[in-house]
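The two complexes that follow have chain A in common; it is paired with chain B in the first and with chain C in the second.
On to the complex of A and B.
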């Protein structure tokens, strides 16, 4: 009798209120993150069968192929491009969000709704919109020509600045929405105190607002960096082939070359390199702010 | 008070937030070198008034004149005023010395000048040698002192404090009130403090400005306000008062619950037969432990006795009207809850105000 009772109480204990939340979190993490990542990791070591698909194996050929000046250059370019886009986006978004948090309630709501609308646009739509705007036949250069600023309209894309512009535009609303809660929690008395002590509004911004928000700025740059690293349509619509990022090449290998093992290997490497970048940035931030928040 | 050459003068100052009149036509002259407290319940406009003086807000209309010059159009960072904020607003990314030296750095002082001034200020607020520490390493009272030192670094022309002691516990707050007052006296700096605590205002101020609904109710030395409140609101706000409805009979008599009561002062602008209120301080009421009926008395029953040790508070009721009387323990009458007693109103302690 007692054995039966013991049996029935075991599942109760396992699914007690204390254990359920972490169990659920682990389940979701496993289903949506660990298992797909594991599959990708496994595939990256598989053997590609020319003209077919792939077969299970354990070889480093896919990684070895990457260690080629061509792909290393692409990796370096991708990271440089994403860092530039992230830094520019945050440099524009930070003062914008700061002034937004000081605007009236209705202005704030309007701006945030507008940004959410922009956020809902897909990369494809953003890419083709900008390519139209930057084109010779229908773009803004026609306006410049009509105003007499230019002799005749010109095409601004495909080019590196056009690609950078597209990536900044893509990550801008995202950046503002990440900065917004932190900046609206910033005590306005900090800025007022600086002003009472003689700092002009510009000086207050650079000597108080930016340093106090340093950690938020760094983490927002990291988020924007990771976000733009995954863009694979903008480089193809707004950039030239030399501007194609690693994400474009991964897509190319996976979809058009049907070389999943090599695509998986590149994805794993990209993941590792970006994790390394994030870790370095966080460590740097920690060092600088050692006493600041501790 | 007509001398406008030195000190701060507010001329018909108004501040509207939408349809709300936060500051409603304030005219006030604050003399130089004095400690002034802006006192009132929350929402009375005292903080708004301080922010207008600081230049953190721009008035809807009116003028602010400081030492003979209008400063309305001078931005806050060019006013050379020192201010301590309610949140203290110490910069978390800077050390204590860097916080205090912030205004000196803005003014381009050399490192040596800044260091000697920071040391001097830290000595002044009794915190020597903490310059290299972080804000987070200090207690609430120490942060308070750093905020005061930081605001005084440039020898400001005017020292403004917005509820500066509200975050401290009661004991520390009382000690800081005394310290702040002594500091102000030794520096001789014109100081304006916003507070909702009348005890704090009485402790520190040379002059108190009592505010309500964006208007100045009374302005003067604290004891004068206590002894001669201008209206029933001030009487109740500065040291609690019993406010009782009455009717004017003549210059020095009112009718209170059907009984004639002699009062100290002629009810200003009140004609016989008009409704008014009688104000009398709890410490001025006498309780007689029987129901004898002399002049200037009222019968009441004891509803509660709060014996605080140093002070006794007796709560009384006459019909639905509640009264409070306070006294020292040695003056406590021999009464208990439920007793019928006689409350005596000394004529010189009774003031009549318009209802």
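On to the complex of A and C.
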């Protein structure tokens, strides 16, 4: 900026015209993202009116309701399920991404295109696809039956393992894409040095690569956890009603129970949990020496 | 070791493709039944997407929303990215973080906020509301790609243009814009594909009146099965692969996704 300051022949008007685009962008983000979140926060303290929406009030009843055992259980289940899925996804994604960054460039591009495609695939489509793959008439159990491993084919969903599998599938491309920058910037000399000293590739991976990337791994697990917390369709298609997560219950309360204040209170809680998690990863990312910037 | 690594990567690849392959198989069944391996072969279900008005209507909605929402997303992302690039002020950084936020949070939060917002101001149930909601929600993608594009511009180029007497405007249109156009296009492409596939926001904002394809699939899934769903799933997967394939063809995809420079083998 400073270099052009001495040009100052057409000052004020151009200056204000230049600020128009950022002003427009701030307005859009403010009105359609921040204000909705603000209204939601307000509504979470409102009083619910049966048959109508709500009336302004300032009460903690919606938050208090969350303390009853039923919703505590849902929160605990959602967190447990998402953490399990995140940990499994990262356990597969880490060695996968490490191998990928060491593969040829064309392999990398191919895998990235494919993973982006899966990542952007609607959760509805993923849910439908897995329910087909796990179904009795079109699923893998047909294959097992044909091979004689099973007497007759069976449906494997809805069930908790099916849901977990779906969530791992959902978060896998995301974890690979989060790990990819850090792992592709990892200094190759590091593992070369270890191998020169006689360590096997597997040993190098576990004793050099994994410890160096410890922070990256943990922050990826946290990000994947927040990502899976958002899953909304899979618990409904692959799981049974007891497996419904917080995201499902928020929508259920908002749309089918028409209880916006309570839905808002749950969403605020989910927001706080997510923000806390993201903040932790940002703090951790700051001084990850070997992992490069996240 | 190399063999183990290859086998592992292929196994993961199979795991990732299996559901899509089965759905592709199911989509060509002759009868309206969920069978795999498929019995008979027909592409009629793909045709029904275009001939059955309920499905075609959803397809139209999805494409319209995705197109305008992506333009909106780019229109918001571009000034934010430029602003941060030109002056590294605290406000610019704040604006940038707000642009990233929708994507970091579980989408149900944004969706509920938007539902309450549109109910309050009276836009819920209209396609315009879905377009604006998607546009703002998807700002993150063009924001990230355009910022990467700006970062890769050599500042000396700008200085040179200025020394030769170009003003801000000329610098932008003759130097900056041509250099970031590929990043704008890929940002648009990312936003477009994600809007096509987005469910929860579209559902909460206007799901009962403006049915998009994901909403239509989920609704039909509740009332029974039709192979049209499988056909849509296959088409969506193909569209994403083609779009990202094009982004990779004309741009540096590994760099776009954060790999260091173009020095990998």
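Assume the second predicted complex is superposed on the first by the 238 of 294 C-alpha atoms of A that agree within 3 Å, B and C clash if a C-alpha of one lies under 4 Å from a C-alpha of the other, contacts with A are read in each partner's own complex, and residues count from 1 in each chain.
In this text, a residue touches a chain if its C-beta (ideal position, glycine included) is under 8 Å from a C-beta of that chain, and two chains touch if they have at least 3 such contacts.
A quick note: this is a predicted structure, and the numbers were derived from the prediction, not measured.
Undergrad: Contacts for A:203 in the overlay, against chain B (first) and chain C (second): which applies, first, second, both or neither?
TA: It touches chain B, and chain C stays clear.
Undergrad: Using the touch definition from the top, say if A:69 reaches chain B (first), chain C (second), both or neither.
TA: A:69 contacts neither chain B nor chain C.
Undergrad: What is the contact status of A:274 with respect to chain B (first) and chain C (second): first, second, both, or neither?
TA: In the superposed model, A:274 contacts chain C only, not chain B.
Undergrad: Of the two partner chains, chain B (first) and chain C (second), which one does A:195 touch, if any: first, second, both, or neither?
TA: first
Undergrad: Name the contact category of A:126: first (chain B only), second (chain C only), both, or neither.
TA: In the superposition, A:126 contacts chain C only.
Undergrad: Have a look at where A:147 lands relative to chain B and chain C in the superposition and call it first, second, both or neither.
TA: A:147: touches no partner chain.
Undergrad: Counting touched residues of chain A, say whether chain B or chain C comes out ahead.
TA: In the superposed model, C touches more residues of chain A.
Undergrad: Between chain B (first) and chain C (second), which, if any, makes contact with A:118: first, second, both or neither?
TA: second
Undergrad: Name the residues of chain A shared by its contacts with chain B and its contacts with chain C.
TA: Chain A residues touching both partners: 200-201, 292.
Undergrad: Of all residues in chain B, which touch chain A in the complex?
TA: On the chain B side, the touching residues are 54, 56, 75-83, 85-87, 89-93, 95, 102-103, 106-107, 134, 136, 150-151, 153-154, 160.
Undergrad: Spell out the residues on chain A that touch chain B in their complex, using ranges where they run on.
TA: Chain A residues touching chain B: 187, 189-190, 192-201, 203-204, 207-208, 211-212, 214, 289, 291-294.
Undergrad: Mind listing the chain A positions that touch chain C in their complex?
TA: Touch residues, chain A against chain C: 1, 3-4, 7, 14, 18, 21-22, 24-26, 28-29, 32-37, 39-40, 43, 53, 92, 95-96, 99-101, 103-105, 108-109, 111-118, 120-130, 132-133, 135, 137-140, 142, 169, 172-173, 177, 180-181, 184-185, 200-202, 226-227, 229-230, 232-233, 237, 247, 250-251, 254-255, 260, 263-264, 267, 270-271, 274-275, 278, 292.
Undergrad: Can you list the residues on chain C that touch chain A in the complex?
TA: 1, 5, 8-9, 12-13, 15-16, 18-20, 22-23, 25-26, 33-37, 72, 75-80, 82-83, 86-87, 92, 95, 98-99, 101-102, 104-117, 119-120, 132-133, 135-137, 139, 159, 162, 167-168, 190, 193-194, 196-200, 203-204, 213-215, 217-218, 221, 229-230, 232-233, 236-237, 240-241, 244-245, 247-248, 253-254, 257-260, 264-265
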